[in-house]
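Working notes, beginning with the structure itself.
As written, the chain order gives the labels A, B, C and D, with residue 1 at the start of each chain.
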Amino acid sequence: MALKAGVVGAAGYAGAELIRLLLAHPEFELAVITSNSDEGTPLTQIYPSFEGACDLAFTNHENPALKECDAVFLAVPHTAAMAQVPGLLEAGVSVFDLSADYRLDSVEEFESWYNAKHTSPELLKTRAFGLPELFPEGLERLAADHAAGKPALVACAGCYPTATSLGAAPAVRAGWVDGTVIVDAISGVTGAGKRATQRTHFCSASDNFEAYGVGKHRHTPEIEQILGLKDRLVFTPHLAPINRGLLSTVSMPLAESARGLKIEDVIAHYQEFYAESQFVHVLPAGSLPRTASVEGTNACHIGLALHEASGTLIAISAIDNLCKGAAGQAVQCANIVYGFPEACGLPTVALPV
Amino acid sequence: MALKAGVVGAAGYAGAELIRLLLAHPEFELAVITSNSDEGTPLTQIYPSFEGACDLAFTNHENPALKECDAVFLAVPHTAAMAQVPGLLEAGVSVFDLSADYRLDSVEEFESWYNAKHTSPELLKTRAFGLPELFPEGLERLAADHAAGKPALVACAGCYPTATSLGAAPAVRAGWVDGTVIVDAISGVTGAGKRATQRTHFCSASDNFEAYGVGKHRHTPEIEQILGLKDRLVFTPHLAPINRGLLSTVSMPLAESARGLKIEDVIAHYQEFYAESQFVHVLPAGSLPRTASVEGTNACHIGLALHEASGTLIAISAIDNLCKGAAGQAVQCANIVYGFPEACGLPTVALPV
Amino acid sequence: MALKAGVVGAAGYAGAELIRLLLAHPEFELAVITSNSDEGTPLTQIYPSFEGACDLAFTNHENPALKECDAVFLAVPHTAAMAQVPGLLEAGVSVFDLSADYRLDSVEEFESWYNAKHTSPELLKTRAFGLPELFPEGLERLAADHAAGKPALVACAGCYPTATSLGAAPAVRAGWVDGTVIVDAISGVTGAGKRATQRTHFCSASDNFEAYGVGKHRHTPEIEQILGLKDRLVFTPHLAPINRGLLSTVSMPLAESARGLKIEDVIAHYQEFYAESQFVHVLPAGSLPRTASVEGTNACHIGLALHEASGTLIAISAIDNLCKGAAGQAVQCANIVYGFPEACGLPTVALPV
Amino acid sequence: MALKAGVVGAAGYAGAELIRLLLAHPEFELAVITSNSDEGTPLTQIYPSFEGACDLAFTNHENPALKECDAVFLAVPHTAAMAQVPGLLEAGVSVFDLSADYRLDSVEEFESWYNAKHTSPELLKTRAFGLPELFPEGLERLAADHAAGKPALVACAGCYPTATSLGAAPAVRAGWVDGTVIVDAISGVTGAGKRATQRTHFCSASDNFEAYGVGKHRHTPEIEQILGLKDRLVFTPHLAPINRGLLSTVSMPLAESARGLKIEDVIAHYQEFYAESQFVHVLPAGSLPRTASVEGTNACHIGLALHEASGTLIAISAIDNLCKGAAGQAVQCANIVYGFPEACGLPTVALPV
């Protein structure tokens, strides 16, 4: 029998993507969708792509039916997640949180970057960080807990941290990287959210390319935490005129000991690192990832190059910011917690064109 | 056991879409893909979205393995299909032809519009026209033939004819339409094919909108044939800066007898007309179709409006030109011929954003 | 000495375009820009393209400096224009109004379509309609008045009416057209205005094509008035994923007497019709207009085709909705009223790519 | 009296941009345009934006009229420029070369990166490098020579080198930068040239973002040469789905001595550095450049940020790759050589939207 799933913040872009994935998932039944601002509105009125596929309407975040779900996916802004999580866990509901509220290990760092008080810091000890390829243990621990009847809390990784870390981790964990890592990344406009603003207006965002939040984007401490690069990471995000897609170009100075590496060695190491993954594909030498080739999927494509004169490794990784960078990763985490095959219900093939 | 399927002309856009659909189809096994110009090249090199999902390489059109398939889908230009069809049928292979070669009932009309001699006109008598919502009988006849061991030939409808006819047929068949019908339609750039030309160069096609082939597009006789509007159809196609998507705006002068219709009556009639369809959705009054909402799916969304002062019915229909307008429709026809559920393996929900 | 010019509603897209044109105009000095919502904000903060070119800041609409201008251009919504015009005229300021307030000859029609009371209907008698290629007389009358010291009021034509009428008028005025005219037109997203809405969000508008306002767009009575086609015009606007550009495809049933026309005759007639125009270019047979080729300019490109079987003339015209469809046309009208060369200060060459 | 100008390779994108600029330039008369592949074709057939503005047709590169020009602008691929330059100089014609043939000081470096023999290395001694804001002396020398009757040869800087160097030079020349500089840059698709390829096909390039030529782009030695960063520069170019525009994000490790700098100091230094420039605008703290805001112009917008924890200065610069990055810069160089005002005939204000 299918598990009942709820999506909180379902009218936003990550929420709508969760709906898409859960409707197609053989083990979940989508039971509740909430959006305070669209309460009462049928889903198809906001997202006509669900015409004929789902006749749910949005309810509000206080809908008691959420507590009767097996799993609730939170696609709300930071602090709004904290407001819901303890109550859901108490009701025995497992929570897959796409917000930033439980991502950072350090409460202080959270409170300083997000300028908000953390109201349930004790949960940071038991939550798992949701980036399965790099942190499988926490999710396996929750799977065991869940089998023993305990609800799970997963803090799913952010979009930039996911792509950047998948690209950098195999080198960093191998001890190859020394010095300051430069991350120049781009996101599609869905990354800026559904709220209509001057920046997301078609006439501003199309035919344009720009950087934003230079030196102060909130994904910085999360990437530092994942990679162990405190104060050694320069992260510059950019906005590209595409709907979905995130590409992270990571330039890593090689440690003395790693200077002799050939590109074939690097690629072989990365392929070995991701040998078990159904989602991460390390491309052969000379091939570079395209965001279009992973759009709508939970895949991550990684390309690699060496700049030998300066001793720099360049890793470039592409994901769909709403899928592997948000909703897809959350479902992947849920699959692990519930003991389903990791790729269950998750798209892996993008439109070819 | 899965049926073996082959795709001829698999490196083109409709061919790649066939690959995507057949890989996801539970009843087919993709066995052969051909492309004379890309012979020997792995599929993933041309279309990296298949990374991890398919390790076939392109063979050439003469690959004898085609004749060992149960079904072959032809995604080649007109006249190239004719060159293959008789041999395949003779070998007992069912053929789903996406080209124009067997669409027109009249050999003369084919030869005049396509400026080519038809080399197997006798097949026109037994082929079915592949537009299931409007012409189910032919496909059902082939299903019976197939059950009796006879291979099928389906001439799948073109992209503009599919969208335009789905929008116009309920009114035309009800006898509501009199006079000249004006069809202004747009296609995404995939409609112009994979060949790189000045017109399909990003720098020409983006930030631009233009008409083309005014008064002489080869889909004109096909639409006339489907709707029975010989010399009463003005078809003006336009190129829009989107990858996939086709929207057809059909303005139909109402016959005297239909002048009193209210928009609610019209919508009710259309909804009744498509009540059995899993793909065609007639939108409520005030809603209009968006190409993005059907992208990557076999769905067709139809919106309707009346201009009472002049007695004109406006039907607007949106499809994905590569899916419902090409590959998806071919698979839908195959589903019918083989007795599978009509929507088997076919996507119906587009990315919400 | 340069004339002092003011722009009211200068933070909107048409307003910003007026700023661009007036800054480059040798006979005007841009003295005042107003925007109630952006009062106090420097222009370059909203529109960084003016960096280094203009250090004005927005003031509010009540800025008394407006009455010290020679010419004020109004780029405000309907009814907001009415609120300003009488006072400006009284102060001796000539007004070039881009809103709809003074376009329709009939007060009743205005009040019914715009659902608002007209507060200065007497001005409709003396205002000129601003579409110089089709209505030169009114503007010449105002030029004479101006020379005699009287301020002018020009109601500049709307974007869809401009493109559609330039495409249709040569045929309609020749008496060639009988029956119902079908206009299917597209606009770039700037046509929807600067306000950030779900419809204009990049993620809704990009990769999408849709119709809107079918059968009820407020430009309908204006086109009917210009062409004399009351109740014989079906106008269906569409939204295309481009910033600027408007293309109107006009299908006109030919009167019996015009059935024998050859396309060369039609083109010759159109070229003759626009022989004096520096902005309207009638393309040779086989060529069709592209919106990109007129972007940022005051030009209009027209292509023509005949569908002989049904006796239909198809005229396709492309303009930039913000320039020839709004700000450029206003400056063109001002040039005529002030006796400057008609093309003075107006761009006519688009970026080639 | 206007100087006669010729454009060789005029059918390419940089060539067409040269035509646009020269047609609008008060001191030049465009006399000859050449394109071997489009010989005999009217300009307006390839670029309809020139309708009504220019009735020249393409001639071939051997057109003797080139040698009667005062100035010839070469917009041909590398090695094709070398084939023309000596003959033109000998005929007394000044040459503004947009190719790479005379950019690199070192013949060896040219021959190794471009895999071609240099046939006129002696000209490297007298040519000026065409990046006026950073290398004014060479151009002033040529201006003096020209006044004395000697034809000039200017090797105009490439697009990536221009944007990157304008962003980095003020810091590098101040001695602030130590260690390896990381340049992640994007170009619009015009940067890939007019040839229709799979990569530039609309259906590949739109809705996509990717890197290319990582570690081996030919602009690398040119940037190294301009900035004096031999083997200390990692340059990773990316392709963005815009027509025009180039944005370079340069991350520079600060030397010990520059660690205490505040962002206000940095900005003040940059503004001082470019105080005389009419084209380069250094934005205030918190503002970042947008490619759309310089499209179609010869402007460069620069934004700056400091990452204090790692001691990194981030400079982001935006130009139009075809204008300031190619044709505009060539005309700017010509203005200097001929003693015209530096901004003569050059656009500085982009479309606001």
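The definition used in the following text is that contacts are C-beta pairs under 8 Å (C-beta built on N, C-alpha and C of every residue); 3 or more make two chains touch, one makes a residue touch a chain.
What you see is a predicted model, and the numbers here were worked out from it, not measured in a lab.
Undergrad: When contacts are scored as defined above, which chain pair ends up with more C-beta pairs, A-D or B-D?
TA: If we tally the C-beta pairs in contact for A-D and B-D, the bigger total goes to A-D.
Undergrad: Return the chain whose centre of C-alpha atoms lies at maximal distance from the corresponding centre of chain D.
TA: Taking each chain's C-alpha mean as its centre, the farthest from chain D is B.
Undergrad: In whole angstrom, what separates the CA-based centres of chain B and chain D?
TA: That gives a centre separation of 46 Å.
Undergrad: Which whole number of Å gives the spacing of the CA centres of chain A and chain D?
TA: Spacing between the chain centres: roughly 39 Å.
Undergrad: Could you list which residues of chain B touch at least two other chains?
TA: 13, 190, 194, 203-204, 207, 241, 243, 289-290, 292, 295, 353
Undergrad: Applying the document's contact rule, which stretches of chain D touch chain A when the two form their complex?
TA: Touch residues, chain D against chain A: 180, 182, 184, 186, 203-204, 207-212, 214-215, 231-234, 236, 238, 240-243, 245, 247, 249, 251, 253, 288-292, 295, 303, 305-307, 309-312, 314, 316, 318, 353.
Undergrad: Going by the contact rule at the top, pick out the chain D residues touching chain C in the complex.
TA: Residues 13, 16-17, 19-20, 23-24, 47-53, 190, 194, 207, 243-244, 278, 281, 283, 287, 289-290, 292-297, 299, 301, 322, 348-353.
Undergrad: Applying the document's contact rule, which stretches of chain C touch chain A when the two form their complex?
TA: 13, 189-190, 194, 196-198, 200-207, 241, 243
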